[in-house]
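Letters A, B and C name the chains as they come in the text, with residue numbers starting at 1 for each one.
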């Protein structure tokens, strides 16, 4: 999707990791790592001083919003928050009119979350030429900063050569924008093997998993893997009849310490949060030595700093 | 209303444009224009550094709140947000106790929106001597920064001599604080001719339109005008029986491209937003070359910077 | 409770005033007074520059949240707001996971309000070693910054020798975290005499009032006291049958000007707000010359500055 890059290859928006050139992806990871290591800039506060960034959330998300807010603060940006639940969209304004209005206020960066696939791309397509849109999750399509922080976390744990690695993605892949962005990033970085595992009803029936080893047997999927990417189970899936009960789901697809022993001894566990403890992940694993869940959160801030700086500085 | 000026003529609050001396009004417009042109100050960030401004909204409004927040940020002020829906007013505290409390926290500027006429003036009357209140809309009475930004937009398009201009104000004038503030500002600046147009039930029955040419025929009202100030139709008006249907309203009072041709060829169109597309304004006009809607939004930020700086610096 | 102090006596969290050494308590009051007097620091904005503070409110409170936000702003901190009503806790995340996540984003200070007793302490016990938790009210247990600001207000009015003072605490002591923190602070500062007064059903049946003169006759409790600490009556108490009606409550326990004459002539009146005017306090007293209610609010900001600086700088 060329919408997110200008003709000279500069990143204008971050809408998806699909098709993002490897060099651009690695540059974002390297920049994030530099911020983490404290040599991101002489004074990161000056990077976006005077620039305004708006979190434009049509679907609630405390954690992602706070992470972007913190990233913007650390770069010295002014942050404006727009929450659709108390907004004039309830007065019938379209998302596009909302963006154009806030843009006219002099805001240059938009962090957009929306329940519809393609919403962030639609807004980016209609935005002014110096406006940057970051997709903070649209429908089931993409959540690119989550994908970036996940592979940054994996790189920190396992090194930069992903071709030697086997990973498992487990859970509700069908409805997961996180899984899709993880898959895009892993492929671009030349991952050795991806196993996709979940109940049949929660596996996608499109090309999402092309090239993956797909199955519904968690034990088999975990066998010898270097990393497990767990997904959050939306409780709505039960209402929809895709999952019979939380207990059944935990029995078949919950990651427990016993199960995790099937993976490589130094395997790591990731989860995008918020975790349903006792459903897709047990307390023991969530808080155990192989869990990188909090490392992911820390990486999320620096990844978002790298993205905002790249797009806006 | 002398509440908003001190004895030596200094502006202490901005509650209404009614009675605001022409020199004071023009000074605010000039200051706003200077901010827009980038020569507002050597470093606008220092203008209100260390000063705290609170957006005190008893009625929700995302856009006006964000515009004031951005204005305050650009002046370097600290912004505190008070949203009555999650506030202690639900515990029975009065608006005045709320203001006095936040004032006691060292906050000097209050941007107040309230559904009752006169609410901002009441708070200003009871506030401490160094507190400044900006009315961000009270009942049907006034929305002075909207009036200012509208005449600033008109001045940019048509020049400073308003005596040569004919303008139309169209829609639900009866319930509109925007229309009232526009009328105040236009009169003060010596507008040549104002035509007020809307269905009979939405025209005011008081002195609001004194001196205007009042009617219910939109085609006649548009004939040869230099600018059209459209108003938002509140959907509640149908429930109240003041409007029969959105379709009827659009047919009789919706500004379409065809209709706009009755105005002067270089006529401009303003709307305070959010727009009901297909009701009071067609997409073609809203997004067309004569629309200044986004210019109004941009002017809103600098007008509010001018107001906050004038009151607080 | 040693959780809040490190082995070398440094304050790590502020969870309760119970057991806080007198020297530590007085140091906080002195520091707050210095901020109030304008000689808190050469540039208070630098004290917490680059440090992030999160208001983590699981129970709504506009005023306390704004007061902490203002305190953090004045120290130059970045503020992040977490409001449980729109948060992922609704997705089943625990308060502890929420804290750990925001902590992983690089946030070092947490201002926590929660309806459960001990919630802030639980979070402090599980937090990272360089994280500081300030209890902004937990259940009925404690609201230490309110206690601090109340004794600071009393000290300003009556001097530092509390042993000569007689005070009354009036109202719903049983359910009040404010009363408990006031009692802790007053005892630590060697208060001469505390009278606790309220209807029997609203008096605690535990050790809360040890050492106090307890009774249900307001006139007797007020007789000759130097200060009256009024408490807010939660309207829920009527539903629970603990109070028969607001009228009865006002007749028996409302502080009116007539009643206040029983206190010492220069007695002062405090109330944590928001006030139920006409219930526990009359307008005449609330706005009268003996009321220190707004002084308390002003002191709240500097007390919170002192606490945040002590814990985080």
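Here are a few things to note about the model shown:
Assume a contact is a pair of C-beta atoms (placed from the backbone, for glycine too) under 8 Å apart; a residue touches a chain by one contact, two chains touch by 3 or more.
What you are looking at is a predicted structure, and each value in this text was computed from that prediction instead of being measured.
Of all residue numbers used at the contact between chain A and chain B, under half are used by both chains, marking a mostly different-residue interface. Relative orientation of chain B with respect to chain C corresponds to a rotation of 120°, obtained by superposing CA atoms and rounded to a multiple of 5. Work out the mean CA point of chain A and of chain B, and you get 41 Å between them.
Contact with two or more other chains is made by residues 83 of chain A. Those residues of chain B lying in contact with chain A across their complex are 45, 60-63, 66-67, 69-70, 73-74, 83, 85, 235, 273-277, 294-295, 297-298, 300-301.
By the touch criterion stated above, chain B contacts chain C in their complex at residues 50, 52, 54, 78, 80, 82-83, 86-88, 91-94, 97-98, 100-107.
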